[in-house]
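Okay, so chain A shows up in both of these, paired with chain B first and chain C after.
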Partner chain A sequence: MNATAGSGEAFLSVDGSYNFAYLDEQTKRMIRRTLLKAIAIPGYQAPFGGREMPMAYGWGTGGIQVTASIIGMDDVLKVIDQGADDTTNAVSIRRFFRRVAGVQATEETADATIIQTRHRIPELPLTEDQILVYQVPMPEPLRRLEPREAETRKMHAYAEYGLMHVKLYEDIARHGEITATYDYPVEVNARYVMAPSPIPKFDNPKMQMMPALQLFGAGREKRIYAVPPYTQVKSLDFDDHPFKTQVFADPCGLCGAEGVFLDEVILDDKGDRMFVCSDSDHCRGRREAGHVGPRAAAAAALGYPDSEGDEA
Partner chain B sequence: MSDMEPLLAAEGVGHVYAGGQLGCADVSFQLYPGEILGVVGESGSGKSTLLACLSGAIRPEMGQVRFDVGRQGLRDVYALSEPERRMLMRTEWGMVHQNPRDGLRMNVSAGGNVGERMMNVGARHYGQIRTEALDWLNRVEIAPERIDHLPRTFSGGMQQRVQIARILVSKPRLVFMDEPTGGLDVSVQARLLDLLRGLVRDLGVAAVVVTHDLAVVRLLSDRLMVMQGGRVVETGLTDRVLDDPQHPYSQLLVSSVLQA
Partner chain C sequence: MYVATKGGEAAIEGSHALIAEERRGDPSVPELEVDQVREQLGRAVDRVMTEGSLYDPDLAALAIKQAQGDMVEAIFLLRAFRTTLPRFGAAAPVDTAKMTIRRRISAAFKDLPGGQVLGPTYDYTHRLLDFTLAATGRPAPEAPEAEPTDAQMPRVSDILGAEGLMQPETPPENPSEPFDLSRDPMSFPADRDQRLQNLFRGDEGFVLALGYATQRGYGRNHPFAGEIRMGLVEVEFTPEELGFSIAIGEMEVTECQMINQFQGAKGVRPMFTRGYGLAFGQSERKTMAMALVDRALRADEFGEDRAHPPQDEEFVLSHSDNVEAAGFVSHLKLPHYVDFQSELNMLRGMRAAAEAAERQPEAAE
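The block that comes next holds the complex of A and B.
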């Protein structure tokens, strides 16, 4: 199409019908401004004019808008859903960007410049050259405690976060420990309390002083927030009940990895199951490097893991 | 008394609701630390409007409400910034609502309700919060094994006591009470009043108690204000006003009480 923008910047279309990366240039500009604001105030939920995307709310419309606004022709995109590259949400978002932006896609964490994620942070530590984009269903960490939007905004503005600890207190009083295991609230840069999106609390420590830029997009709620590189991210806790992550008894059944987040896989209808890496790229990398887990043979007999990758 | 600074000072406080409905008008008084002021009057006499104006809920259209914020001298409550005022409400002030549902978090356990104010001001040690909450539940005569129960499993009187513990735990200097015994049966009322009187005296808390029940003010308050039609018609020491009412309306009010 190559129409010319007022600024002299050339519009560019990859497939002949959509603007580069789907969104029009004005929208991208608006989202980039919001991103700058969000980065300037770590953890603050900056409102933005969220657009309708060609997919339903809840499928990552916020994350896609953020990715579409920051992606360039030279970027290499990785999309993960629950840690895996081959799940429906990841496959369709990757396909979307290959079509409208024509960018290179990858499954390898190390090769990616932009990683859009739902529910996980990759096991491989990220670098300064990477950007992690989270899809966020519920950006407001106080929502379940305080239903009034006007009130939660005031609570953020005045840093009145006592209520968040009342929730944690209730957990300990009833169950003896803090039972939140995902979307575990964090305090960013010693100021704003933030929902880290539904990542397992296992991943919370990875956010602390992460070298990569972390961007969060909530499409339905039309909020963007961010954690700049090397920022303090502290999981909320009590002095005498410190924050703890999940611990897994067994290593990954396929690659034998320890100290990673594992998913449970049911093997038959007799109760046999195994635990495998949630991060599929990490697991494949280890298997290719020759690591073999205790259940690898049994899994291979069942045709697992499926060696056929998707179109990426 | 003379060299003491007042804790709360109302000067010509008045409020008219949209539509011209008079809430209250020209109310002035000074409340000193540890003093309990009763406000009585019939329904619609402006008691609740006055309480809302004093407690930061409604900005009065006329007059000034001043409070000794942080022992730094009297400051206009409505000239404070919003975060300052909210902080004041959560620390130096407390509000006991007539209906405990308005004052408690019904989906949070009794211990959590009592602990909230501590966590609001930065308490981050679970054990200490719990010990303090247990201590306060004990002081309002709630059995320690009920600390993790939800308020809705409590009787009305117990809910009211949890509400009182929840407020007094932050050692406020001023408590507003709106019909603290309303809706409770008489024996429970008597025990609650006895408890309140003891706690308030022990802690030296000042209070403004709004009620239509003369027995409540007889037991609790040092001074009494009688309101009618939004205006104060008589003030004085509680016993003086109740035993020797001067204004015709006060006389009517006192003589309306059935002698059991």
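The block that comes next holds the complex of A and C.
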């Protein structure tokens, strides 16, 4: 540490009006202490003194506070929403960090040191040098079964998860399968049941033994939780009804990728549609490498993918 | 087509330019000044300061102008500013018994030491639109000079307390710094400091509706407006380096103490209990509603059933904050197409399975 570190000046935002990465250093310290606690107890929801942020609750304030507390000047930030870098709120959050931290941003998964995400895990496997920060709307996986915080905290303390298993069983009894398709509950490190945030269950297996650190921030509910690198993350299921992910019949219409999560794009009002990669960086990378999907020509005629890229 | 759901920098900047233009409105109409908002829309300023939990009439007025009069948005702006301010300590509890009174009424006693002071209130106006207000440039109206109010203006709750009729509110034995909702997350069960802070910051409409519900039988607690007082109070603070307290400013506040019946319980004599309400500025509706809900939430303390929403601590305290509520409701505008795709896939699968099952018995016949 050199003498000027902490002198204040070095920590100002780009336009000089806020501290580096918006939050004051005391608040960052408080959040880092909570992060350490969360990492030490994988899957445990650690309460923290969440601050009011200049964005609305429910729009990523938890993830933003986590990112703001861990980001340094050398970091390279990627922000995605629904897997894409160019969705409005991802653009807005990236703009925020560019203004208050001036850090380098990227759309390329491989180049990022911190990836803040809403609703997806990138298709490219992450590495030990990366941190994945999830924006979490409802951190409590048991909330829809038991509305009271005082009760759900007890249930976690006693690892009393019968209610959740009954719910999953009732799904099977009624519909023949577990009907949760996103925010599908997982068990972390054989102890805590955890909400993976509303990622599609398709992404759940990526959490298992992931080399990257996974941090979860819930701003409105003021909870932080974490999955350390190389941790067991098991999607809840039954022996006779094993966990299954979504399968897509078609490949990506633009890049031909299979085994990735696809978004459905309505092409006209006559019901024509195509499926495209939800992970926009993955799709772009494949197209640049020469992969062509079955609908690429037709889509290009309709002006898709649009060329109006957002410079990172 | 699909492009509509994507927003680049240009779209966001265009949107910001549009609100700036709309905010200004017709340029042939003079621009609203922040001073005008502060001086002439005082009740709006009071509400934004209260729910924004920052006593600063100038900034609240600015927030109202910036938000084009959208109160929840203005409250949000003030909160987001407040969060960046350093916290240098906790002031001494404000002594409302020493308030410089502008209004003080009691519905429990016809007369009382210090008397009833009506002060500025809409209570006895007829709600008829005053078309003369549409004209500007009239001379400023003047209120008649009044006698200064009695310096001795004891609180009704203290008068009743002296007789032992009022359940005493004793300060904690080891007074620590009060809970600070803006620094620490809510925890349940909540202590009263946490609850009162939450209700203070809570949405006026939400708290009002819950208070109203208690009057209609959902958690009835037999209230009397023991006293409502409004005026200026001094804020005192003890800087560590001085070691004694100094006055750092004055604030206008409204306080409401509801008196509620209590039949007594095993080992506790019948007595009056109270619900407490406080807000910045002239926010009488808010403080009365707050006092009703505060009392309803004390159900456990007095061995009452917690049968209705206003008595349910987690229900009330978790949903009162309009910045949180508005944020989470509005986040539904964010794209959810990954989740929706997952639901779509499942629904199609289930419908296909159902159709197949329907065809099966036909084939068997």
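Following the convention adopted for this analysis, the second predicted complex is superposed on the first by the 299 of 312 C-alpha atoms of A that agree within 3 Å, B and C clash if a C-alpha of one lies under 4 Å from a C-alpha of the other, contacts with A are read in each partner's own complex, and residues count from 1 in each chain.
The rule we apply is simple: a residue touches a chain if its C-beta (ideal position, glycine included) is under 8 Å from a C-beta of that chain, and two chains touch if they have at least 3 such contacts.
In this text the structure is predicted, and so the values were computed from the model without any measurement.
Peer 1: Scan A:Y57 for contacts with chain B and chain C and give back first, second, both or neither.
Peer 2: second
Peer 1: Just to be sure I read the superposition right, which of the two partners does A:Y182 touch: chain B = first, chain C = second, or both, or neither?
Peer 2: In the superposition, A:Y182 touches chain C alone.
Peer 1: Looking at the overlay, what does A:A173 touch: chain B (first), chain C (second), both, or neither?
Peer 2: After superposition on chain A, A:A173 lies in contact with chain B alone.
Peer 1: Touch check for A:Y158: first (chain B), second (chain C), both, or neither?
Peer 2: In the superposed model, A:Y158 contacts chain B only, not chain C.
Peer 1: Between chain B (first) and chain C (second), which does A:D239 come into contact with in this model arrangement: first, second, both, or neither?
Peer 2: first
Peer 1: Residues of chain A touching chain B in their complex?
Peer 2: So the residues of chain A in touch with chain B come to 154, 157-158, 160, 162-163, 165-166, 169-170, 172-174, 237-241.
Peer 1: Using the touch definition up top, name the residues of chain B that touch chain A in the complex.
Peer 2: 82-83, 86, 105, 108-109, 111-112, 115-117, 119-127, 129-130, 147-148
Peer 1: Please name which positions on chain C make contact with chain A in the complex.
Peer 2: Per the touch definition, chain C meets chain A at residues 1-3, 5-12, 76, 79-80, 82-84, 86, 182-189, 314-315, 318, 323-324, 326-331, 334-339, 341-346, 350, 353.
Peer 1: Where on chain A does chain C make contact in their complex?
Peer 2: Residues 18, 24, 47-54, 56-59, 61, 81-84, 86-89, 91-92, 95, 118-120, 137, 147-150, 175-176, 179, 181-183, 198-202, 220, 222-223, 246, 248, 261-267, 278, 302-304, 306, 308-311.
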